[in-house]
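Take a look at this one; I'll ask things after.
We call the chains A, B, C and D, going by the order they appear; numbering starts again at 1 in every chain.
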Amino acid sequence: MRSIVGLFVIIVILIIIPSIDYAFGQEEPGKYLDRRALIWNLFFRMMVVAFTIGAVVSGTLFWLCWRFRESNPKAVQTKYEQAGEW
Amino acid sequence: MVLELAKPRPIWQIMFSTHHTDVGLLYLITSLAFLFMGGALALALRLELFFPGPQFIADSMTFNRIFTVHGTTMIFLFILPFATAVGNYFIPIMVRYKDMAYPKLNAIAYWMIPPSAALMWLGFSDFTWYATPPYSVISAPAPAADMWIFGLKILGVSSILSSINFIVTIMKCKHPDMSLGQVPLLGWSFLSSSMIVLVAIPTFAAALLMLLTDRLGVSGFFDPTVGGDPVAYQHLFWFTFHPEVYVLVIPAIGMMYEIIPRFSRKPIFSYSSGVFAFVLLAIVSFSSWAHHMYATGMSFTEKTVFMVGTLAAVPASAMHVFNFLATMWGGRIRFATPMMWSVGGIALFFSAGAGGVVNSAMPLDFITHDSYWVVGHFHLFVFGTIAFGSLGYLYYMFPYVTGRMYNEKWGVIHFILAFIGAVMVFFTQHVLGLFGMPRRIFDYPPFPEWIAMNQIASIGAMIIGVSMVIFLVNMVYSTAKGKPANMDDPWGLGGKYYYPYQRKNPHH
Amino acid sequence: MAGHSTWPEWVYVGVVIALLVWVGAEAWEVERLVEHVPEGAEVIKVTGQQWFWTFEHEDGTKEIGELHVQAGKAYKFEVTAKDVNHSFNIPDYVVLMDAIPGRIHTVWFAPTEPGEHEIQCREYCGLIHYNMRGKLIVEEPLS
Amino acid sequence: MGSWWKILLSIPTKKSTSLIGENLSHMEEPIYRTTPERTAKMMIIVLAICAVGAAIFFTLWDYWISSPAAVVLMKSAKAAEEAPAVATGKEVKVSLAFVESSDLRTLAFNALPGESGNNPTIEASVGDKIIIDVVNNGKSFHAFGITQEEEGFAGIIQGTDIASASNPLKPGEGGKTEFVPSKEGTYYYICTVPGHRELGMIGKIVVGSVQAAPKVQAAAPTGVKHQFDLNFVESSDFKTLAFNALPGEEGNNPEIRVQSGDEVTIKATNTGKSFHAFGVVINPEDPNTVVWNSAIALPSKPLKPNESGEVTFLAGAPGTYYYICTVPGHALQGMKGTFIVE
């Protein structure tokens, strides 16, 4: 749950910041906008998000594997095992 | 090599039988044979690119032929037949029917594969696995190119036939007191992927026909000098082959749906959302084909439409990932080889998907289009997700197929090496693409970054190669001499069923 | 299925969709900016054929395999091909456009500072595709 | 792999069965497990199939890519007609302009119908080099080409086209092309933009017999023999191509001078890393004008690296020819030398 909230925060920030620098970045008379800058910025913004989420997901995956492996001392029979419904 | 259900028969009797497990076995062996052949080609390519400048491959013509056949083989002769093999073994069992709906059709569908494979491998054409005109019309040498075209036509028919077979088996032949809502998710995955095939493949069949007539010079569908349009082919092609990607990946996900609950000792977190996601995928897979073609002078509007269409496919895949994680949550997980492959598959599936989302953003196409980024991206899917799911399932069904147990230790080593290798090759290739290296090049200028990354990728490929040798030895040896498996519960997980030997149908 | 709560899944799907919307919006905005060709961009006709690039400037001068442009100016490429598909690509300036026979595609860029950059073919075009390369030479603006 | 071969060789016969299978609800029979014997058989079958396939494949390795597609053959058949022209050395210079009536209904070359100099007829004889300058003086788009077709805009002879319907000459633009007719008869120079020919943009090229210029016919064989070695060389970055030595070095693209009727033997070796082919041509821009069957290999079936080929031919009519690499583009990149027949 906490991770999801954190995600929302990150997203909001990432939406606001670029829209601001567009607002200012464009208007420079006599200069053409630099497609390199635009496209690579977009790319890196997306990479930030992608890697954040990647960290969350793979973190969850690792934790799951570590926590619920049967060799984990805390491992217990699942309720389905006890009820024998699988 | 199959677990005979009756009594031992001579091999030729198995070969020409129409029983679903026998046909499944044929599919299985064929697909694995081609996995190794195609893999050998891939290693050749990676070795050639280890250093800049021509290495041991004589000339670019040979190189081009190699990567063409590598691509075609892996997609049409490994992944598809493997999925069909799994389907043949398990769909009838899962819907509790004695065989596939049309056993003879089933065998016919299989026996279409060897001739087409022969055509493809003998011809060894050079126009890349998507045969884009005008190159494929005016530049690709005959007879190789025409043989490739015929080979793929036959394969198309074969996969349509087997899809029909699966659909009928599931919809019509399932046990009367079993509702469609009780068909296991593997069944659902085959249902949806077969539906996609039925809609998608005919388009490609038409495209191939046009290509052939163009090559013969009797038509000019794709020849601009007589008013044709080369881009038309690309639309036809991708209208088939973007959905085809889902045809490949959906069964793999279905296989994970078998393995993960089994080894987590839990039922699937949400059967219904799995079904929903499958059906949704099957539908939205048709809304995104032209995102492969941003660079062919598409208008802003077109690009936007297809970007939205592409993004629309993501939630469904994300639901699967969620389902997997939620199923593992609170389970008691036995990390046997199949489970490892599935978990690794999920991880790579996620990274491939993330890459795909980034890729679908229109402007980024200027960076990634036809660069090694794309190579890395779709290999993460076809190897990292599909092949991982498939190999995991191969280990899972091994006891059922052979009645023996594979060597657990070597299975795990196979997985670990393959995973490391995959990360090394395909993640590096993403970066390589960002540095602007075009795909399908026989040689590259000696930019230090390119050299470094190509060498990392090549080493990764070697590691995968080693793991595959281990795999081969393990399979052959265990098939022959492996210790007899406990057919009720090969991994000693407890619970009611190991699929082929289930006492009752799972899920309520 | 043994009773489990589904709301986490819906939250999750919501997050995913939100992210996708964000990606779409960002991409759309950037594409909109990049697509718009500035007025007064100088036209350069780019012709790809097996296996080299020909460039024709507005004043009719032709170059093969090399392209000389001036920093600070905007250039509009009209890309086409003679025989098979090619793809005109200047990685350093993120310029990429397929060259397809019988079609003219346009893409533009404005080099910022003088220097040499690679030009290459991104679309498989046959035997020497791997070496269908050229040089982009950005010169000081002659003011 | 050692253990792997042992499996193939070991043929035990016992079938191990297990009891587990028997107490299963839906499995009456015992489980027959796969044996090494069967595995070995299966492996042998698979490997045998692969071996047979490989044998066929490698014995015919190059056959599978031996010929171009049918459509290519058809197209090149058209172009080939123009190839073996014997140059007379005579040049016919013509300048043409696309003109349009104010309402754009009538189109023509140089002058509108009724005016003098409308669609001028070009007189030439076989082997003459017709040099055509074209300029678009109209307001719409045009493109130039020479064809033998009685109507329509198809069958444009390769190398004679300026611009094309899809990428035409804009108003004020122009171009230059050369055309060496190989046989007597009537050719048509037209605007290749669909419809423009019908609207009047068409003129005749009447090609008379070569007798018009008797003195420049090929001399009888003189029996003199010449032997030239030409190597295809590439700069390390592949950008510059040349014969024998790179530009600036000694012996770059050597000029060849022979007497008409001499027997010339050319040995071409590909010392580069990419593909090349040799031919003596009239128009270096157009690899299809190879004369005297002087071609070594073809662009569609080129000399691979370190391959070499030899060709012997009689030098034809006097004139200035060029020896080039007939792979498209290579002549432009520098693989082009002069071949003078006296």
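The criterion applied here is as follows: contacts are C-beta pairs under 8 Å (C-beta built on N, C-alpha and C of every residue); 3 or more make two chains touch, one makes a residue touch a chain.
Predicted model, so just to flag it, every value in this text is computed and none were measured.
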item: Chains touching both chain A and chain D; value: B, C
item: Smallest count of steps, each to a touching chain, taking chain B to chain C; value: 1
item: Distance-maximising chain from chain D - centres being C-alpha averages; value: A
item: Pair joined by the larger number of C-beta contacts - C-D, A-B; value: A-B
item: Where chain A and chain C are represented by their mean Cα positions, the distance between them in whole Å; value: 29
item: Between chain D and chain B, distance of the C-alpha-averaged centres to the nearest whole Å; value: 39
item: Touching two or more other chains - residue numbers and ranges from chain C; value: 2, 12, 19, 23, 26-27, 30, 34, 50, 83, 92, 94-95, 102-103, 127-128, 131, 133
item: For chain D, residues that touch 2 or more chains besides their own; value: 166, 274-275
item: For chain A, residues contacting two or more additional chains; value: 35, 38-40, 42, 46, 53, 80, 85
item: Full enumeration of touching chain pairs; value: A-B, A-C, B-C, B-D, C-D
item: Complex contacts: residues of chain D adjacent to chain C; value: 166-167, 238-239, 274-275, 302, 328-329, 332-333
item: In the complex with chain C, residue positions of chain B that touch it; value: 59-61, 64, 127-128, 132, 134-135, 138-139, 224-225, 229-231, 267-273, 295-297, 300, 303-304, 307-308, 311, 314-315, 318-319, 322, 326, 357-358, 360-367, 369-371, 435-436, 438-445, 507-508
item: Residues on chain D engaged by chain B in the complex (per definition of touch); value: 1, 3-4, 7, 10, 15-16, 18, 20-21, 24-25, 27, 29, 31-36, 38-43, 45-46, 50, 53, 56-57, 60, 64-75, 154, 166, 237, 273-275, 300, 304-305
item: Touching residues on chain C, where the partner in the complex is chain B; value: 1-2, 4, 6, 8-9, 12-13, 16-17, 19-20, 23-24, 26-28, 30-32, 34-35, 50, 83-85, 87, 89, 91-92, 94-98, 100-103, 105-106, 118, 120-131, 133
item: Residue ranges of chain B in contact with chain A within the complex; value: 261, 264-267, 321, 325, 328-335, 343, 346-347, 350-351, 354-355, 357-358, 361, 363-364, 366-367, 494-496, 506
